[in-house]
Amino acid sequence: MIKVGVLGAKGKMGAQTCLAVEDADGLELVARLDQGDDLEELAKAGAQVVVDFTRPEVVMDNLAWCIGHGINAVVGTTGFDEERLATLRGQLDKSPGTGVLIAANFSIGAVLMMQFAAKAAKYYESVEIVELHHPDKVDAPSGTARRTAELIAAARREAGSGPIPDATTTGLDGARGADVEGIRVHGIRLRGLVAHQEVLLGDVGETLTIRHDSMHRESFMAGVLLGVRRIVDTPGLTVGLEHFLELD
Amino acid sequence: MIKVGVLGAKGKMGAQTCLAVEDADGLELVARLDQGDDLEELAKAGAQVVVDFTRPEVVMDNLAWCIGHGINAVVGTTGFDEERLATLRGQLDKSPGTGVLIAANFSIGAVLMMQFAAKAAKYYESVEIVELHHPDKVDAPSGTARRTAELIAAARREAGSGPIPDATTTGLDGARGADVEGIRVHGIRLRGLVAHQEVLLGDVGETLTIRHDSMHRESFMAGVLLGVRRIVDTPGLTVGLEHFLELD
Amino acid sequence: MIKVGVLGAKGKMGAQTCLAVEDADGLELVARLDQGDDLEELAKAGAQVVVDFTRPEVVMDNLAWCIGHGINAVVGTTGFDEERLATLRGQLDKSPGTGVLIAANFSIGAVLMMQFAAKAAKYYESVEIVELHHPDKVDAPSGTARRTAELIAAARREAGSGPIPDATTTGLDGARGADVEGIRVHGIRLRGLVAHQEVLLGDVGETLTIRHDSMHRESFMAGVLLGVRRIVDTPGLTVGLEHFLELD
Amino acid sequence: MIKVGVLGAKGKMGAQTCLAVEDADGLELVARLDQGDDLEELAKAGAQVVVDFTRPEVVMDNLAWCIGHGINAVVGTTGFDEERLATLRGQLDKSPGTGVLIAANFSIGAVLMMQFAAKAAKYYESVEIVELHHPDKVDAPSGTARRTAELIAAARREAGSGPIPDATTTGLDGARGADVEGIRVHGIRLRGLVAHQEVLLGDVGETLTIRHDSMHRESFMAGVLLGVRRIVDTPGLTVGLEHFLELD
């Protein structure tokens, strides 16, 4: 039985995590904390893993405390840059048995889509990304689409792939989408949609399409639980849920 | 048996039309003309319908001759504007039994997609268009996508539909596609594709998607043959194959 | 302001209808009744339209009462056969200003999909249906898929279409789906899905696909409200929401 | 420069292979043989790799000869069972520097689809397969769909996945497709299609879809060329093109 504490337990993701942990085999929810609560509760409750869905302003303090107490952490809070990751690595060096997972995306399906697209990219002359979301989303393209494009671009650079063919010479502004490191990304906004993405890869006479449809926040929980179960045996810093998926 | 002549018989579409007419029940190919041939051949052969896949520079002369001789015409040549259509109407007024069909698109599937999308548009808060083509295409978005957007925009204006919701405030240039009369249009270019288009309509809790995939020029022939069979009974000027489809 | 009463107001669809009517411009919710409540409440409240989402056992009594009181009705309850429809027609003959709409499906999108598919069917050599639902559904194929197949089969019979080509001679049982009046229907059951359907039409060199995705019960409300607004001006019996859509 | 001979050079796949080899950097077509030609031509021409697209009746003799002469082989001919593979292994043991690739499918995209689907399968509660082909195909489901189902079923057994949920209790025969080792497979036949397959994976609140569209035989050539380039450095027997793809 892995004892789990949740930070940000009153937020949408935190609350969903509490439900998921309570429901999961082999896990026990021992603490649910939110703003103003004392982190010492985690130690008193014997938490072995803390799931952090808080805010960028407080997450570094939370993690310093967890690492200092030898408590593993699974982190969905945003705002991590190289500097913050370096700080964490330094802290973890001094607490060698402790593990921290930082994940921008806990959707196993979205991570699989990105990994598969990156692996397939070098075998195709063309690749484009279409992301489709509800019309209340403020940014376009989505963070997942940008990240996918970066992974694909990196894979193509590594494989020595040439530029993607495109004979367009006339047209309307925006018709060919946004350019993310040479990969065209199109953002669709439609009432009725939630969060969807399609990666299209094409070569002579064939195309390969990888599509992920996310209809509910609940879909992130499988990834959070996988993180909780794996982080207890994975000391040090892990960035990205893909490292906990068996894709080889 | 309807006697058919083909103008531009050596071009890709003209040649395909010759094959299709020869193969069709109830039609007889009586003349195949190309650049330099004498239009009088059509009269000598007794052509009742002429299919014209020539060039904008010669098509008006061809049609003046056909109308003058009381021969019906099915026209896939491009470059018709209001002025040219008015000229044709004037000529047809003087030859009351003769019919001319001008069609920008002979794909029955593409026409159905456009018509259905326009009819559905007023029932949906959101609508966007994605067109997907091979990477050697020089224009983006495609003419069919533009035309679809115009038809949808007109249908929404007529129905008093409000603006399509879009909360996008930050992002990359082009991510939200091109704007055609308020409808967002996205153009994908991918090796392996031919000519495809998807119209996405969305409202609370549901979406409707209408997609047309065109893999081969042969797919235009059903529309050409339909035009040939119907124009003999449809005097005057008809603009658009949709008028020969039974959609009511 | 149209005064609306809801029968079966505590059921899922009835409760959703109450919310939708309260929220709608030009409609006023004046009565919400459920099992055991007295229909006289509807008359007292001055209801002009009653929306009935009850059960087959009680709906005929409800409608007899409504028609008798000159109250129009929009009915989503199931179980109507020719006999029941004949009974309603007889009752409506005696109450000439009253209208009743019986609809098996209030999803405007689903109705559009069915209507478009039926209109397109005669222009294509091949047509098949794929319906996709959550795995807790007990029947396969879905009622909507069967109804779509029947409409398509009727359209093809009327147009004199030949049999759909299929050279399959060897294989596994069930691989080619179920046969509904000569149309192949395939039912997919997948966790994460809600209610989706795709009609695929194909001919030489091209395909046309019409897909409807229904993610939430809320999506039926636009159809219910359309029914309420139109039934007050549509005396007699109307079977099917398609008669209230402008598709011509 | 790798010297390549083609067996079955007059067949569709063989002829396409000749064109592809002639066109490829670093490869030289040195022999094209068909029925009745003498295999000694291959030795005389100095072939280092032979591509065999012949028939089950002759392929074992062809390979015995190639292996005996230390010539590598890339084989697309069908009909290999465990017994035949064992025979080849025995022959290759005696010719340690020689390599033979037996591949049922040279479409890199189809192989990627199968591999990705198998890798993803254990993360999803549900999985189904839809294959879509032209209506002249005689078998249903397709060999690729069967093979995909077997790979997915094996991956799920290994991961200890439970049975796929399906509450269907009433319906029409065939509606739920064919059962291949517990995986439901649906075969669609539609004029206008060529060869397509979709693997749908679903779990709470999300779905992942991997789709491959094959429009032209030309699309197999990238896989054949990859096989030719890799087999010269891969002694022994390799079964399946996936072993030559970098998927880790």
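Letters are used for the chains, namely A, B, C and D, taken in the order the chains are written, and counting of residues starts over at 1 for each.
Here is the rule we use: a contact is a pair of C-beta atoms (placed from the backbone, for glycine too) under 8 Å apart; a residue touches a chain by one contact, two chains touch by 3 or more.
Not measured: the values here are computed from a predicted model.
Greatest centre-to-centre distance from subunit B is found for A, with centres as Cα means.
Of the two chain pairs examined here, C-D and B-D, it is C-D that is joined by more C-beta pairs in contact.
Averaging C-alpha coordinates per chain places the centre of subunit B 34 Å away from that of subunit C. Subunit A and subunit D have Cα centroids lying 34 Å from one another. Chain centres here are Cα averages; for subunit C and subunit D they lie 45 Å apart. For the pair subunit B and subunit D, the distance between C-alpha centroids works out to 41 Å. With touch defined as above, residues shared between interfaces to two or more other chains in subunit D number as follows: 192, 201, 203-207, 213, 215, 219. Interface of subunit A with subunit C (complex): residues 192, 194, 213, 215, 219. Within the complex formed with subunit B, the residues of subunit C that make contact are 107-109, 112-113, 116, 119-120, 122-123, 201, 203-219, 221-222, 245-248. Touching subunit A in their complex are the following residues of subunit B: 124-128, 130, 132, 135-141, 164-180, 184-193, 200-207.
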